[in-house]
């Protein structure tokens, strides 16, 4: 394991220190907790927005704390959901009197920990709503789908809605609508290594790739041999578009997301093909995000996320 | 070689297509050339700003084309300087009558190709100035130093100066002052593979790192065994600060730059230590950039860049 | 059988020792059908529990297990944290004010714990989770006189049975039928919990005492 | 010796064939003390040159070499592109209007080419670059009657000598003294250029013709 770290037990703490050292004018850390909060929080009259999950997905989630985005992010250990006590303190720290929305990715650990925190906060009289993101179509059963890079769209759209002063009910409703209109799928070319374990999460042969791998290295749909980027992109896009109903002329936003060690050059090559395929189907590409948004440490590969837009979602995305 | 590409000969062209597909409202490509230009270019009354070099350093350079930054970027083949004819066309495309500044990294290929283009443009009556960035202190002799991540600061500061309507002479002078106040140094944990060759540029043992490696895999200062991030950061910072004259209370901007496959988590761990060391020396950290700015395909490792600020540079950086 | 508060405390300390010893193995099990952190999660959480309770003496079982539960909830994380935490929290409610736990009280505590796990995790027995150890142990505790070796055997067999099951809940569910060649890591950590319980019973003298 | 425009054209076509054949080897040399693209750069550039000149017939040497130079400049890139491009551009100036090149004209063309390389690259002979082949060849061409095998030998020896040199210019300079175990890639590609020239001379019949 060749990593720029000190002690594996310290990676999350030291990373958060680094984030604060980089942006002391915008961010603060809740004392003693693995939580990054906007410096202005709590903001009166604005719904508080919290996301979080295991670490190792940077820039998710602390990287999305800021104006028109999140008020706070809770960081668990690497690939491990954060605990309810940390989430509860975060809720308290961002509640400006208008309630708090929790943006949760659909993993049993995240769901349970955020649930417990929401119950505790509600018991203390804070209004809390949750939106569960389930965008990874590599999992068959809809209810069991994992939350992956599409979560970024929920951060952004709910963030703008909250900034406009919308109520908790309204922000939650927009966030849920966003989540329901997102499909994602990834492909992995090489595994990542959790610092504490020191061993790669899975193994792939020299010429092997895995379609549908999750962002913690969860099993995907199938192993294949390496193929040209265009072919791979087409396969992923077909899977996604098969799940979504698009009529000619409708609009979409796309994230071509790097999983950690795939060069931006390759992401643009993939994005080029994705854009071409949308065009062929007369789907209008209104917004593109190409880069690392939801990573899996140094995993190689990428994911494609499509958000189907309507006028409301589009206006909040920009 | 496991890459998300089609034909190795097509990577630059397809990447540029992807960039344009992602941002059609902001960027255009010069027909038939590997050049990305702001949609509004040429902008009357503004000095045109061009950067460029071999591909494989994404987001450099096309990723920095935009408001308050570059007007255009010229992309060579992977790790190969672009040719004078492409640069000449770019100069013509961004000259708004106030002349053009070329931001060049100090590699003999880049210097010669940009020189030739500048001569050709001057012969056609266009005013051209150049600034050569030589920030990589891993090379002993100052005149031979390579241009690496510090180039981003030159893009940004010259970009703001140009936007303010400053003359070519003024913008060039500010750009040169910036370049003279930048020192960078990198460490590599694993090599990158140029698509056309299919083989890693060098080899490192499982426990080996190389201090001072260039962004094309050029030989560094020495090979060492892997050590804790804090120790490594201290070594790099000492090397850099040894080259720069800082008095207590003076101000700095820092880029903690990922070389391609190093997770953001690790970059923040390094940045944390860099910030701490600056604090110990009573140097005020005024601006931090942490992420991938000047990469080397999927090389693992990072570089640290320090820019010494004065009031003028600081005002243009923000 | 009567377990004093001290014996219960030793149960937890003994559980921690087993988690530390089996940290690597538990994470390996989790690497096969999950994300490879279960051992680290359990070892981190139980170490904190022991840091909190060791040296302290508790008057009654309720406050001991509330402390255990709250520490697990705030230190384990992942799926295991809320589940083990909820389990011990529900048991602590049952054991409030009790200075000794007899077999009946043990059964009642486990019943509450299992109900807590089910509510929190929305899983059933047979879904290839820790429930597939807790369930059989509960059945044994409520129907037969407690014996150290029998308890161990029951836990072990239940844990081993999860190997054949297809996961329906938690990360292992993503592996679908391919999960059916591996023991569930949460079932294994629960087996360790009850192995430690069995050993506590012996420490009290006769297993039926 | 007299080289017709057609013979000169065959020289360039033959050079391209050598670049294609040695593409991998040239990049390997460059991988050792540079960035591993020299073979790809030269092969790409000379292929374009041949695409442009093959089939066309040129009236005189100047326009042929201007075409060669401009294509190299716009297709090779890196350090080699401007240097080879400038070299042939300067030579083309010398060879303007000439329908044959004799040994004297060859020497004058090379002199101009070398001056161009030096101005553009700011290098000297001994810096471990392509100049360390161009220099010795120029010396030979301007002092002795041209002979095919002798020309080849001179080029080969000059190329091999770069192995011992320490690089002072170009990417190899970063390797400092560690560059001194490897042949310079640009020297090797220049050796191929002159080997092809030698073979063109033979095609014209007697090497001294």
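Annotations for the structure displayed:
Each chain carries a letter (A, B, C and D) given by its place in the written order, and its residues are counted from 1.
Heads up, the rule we're going with is that a contact is a pair of C-beta atoms (placed from the backbone, for glycine too) under 8 Å apart; a residue touches a chain by one contact, two chains touch by 3 or more.
Listed by chain with UniProt protein names: A, B = Dihydroxyacetone kinase DhaK subunit; C, D = phosphoenolpyruvate--glycerone phosphotransferase.
Here the structure is a predicted model, which means the values were calculated and not measured.
Each chain gets one centre point, the mean of its Cα atoms, and the points for subunit B and subunit C are 55 Å apart.
Averaged C-alpha coordinates give centres for subunit A and subunit B that are 29 Å from one another. Chain centres here are Cα averages; for subunit C and subunit D they lie 77 Å apart. Taken as a contact graph, with one node per protein chain and an edge wherever two chains touch, the assembly forms an open path, each chain linked only to its neighbours along a line. Pairwise chain contacts in this structure: A-B, A-C, B-D. Subunit B contributes residues 54, 76-86, 107-109, 112-113, 115-116, 139, 144, 146, 194, 196-197, 199, 201-202, 214, 216-219 to its touches with subunit D in the complex. Subunit D contributes residues 27, 31, 33-37, 40-41, 44, 73-83, 86, 120-121, 169-171, 173-176, 178 to its touches with subunit B in the complex.
Note for the complex: subunit A touches subunit B at residues 2-7, 11, 14-19, 21-23, 55-56, 58-59, 63, 189-190, 206-207, 209, 226, 228-230, 232, 256, 260-272, 275-276, 285, 288, 290-292, 295, 297-298, 300-302.
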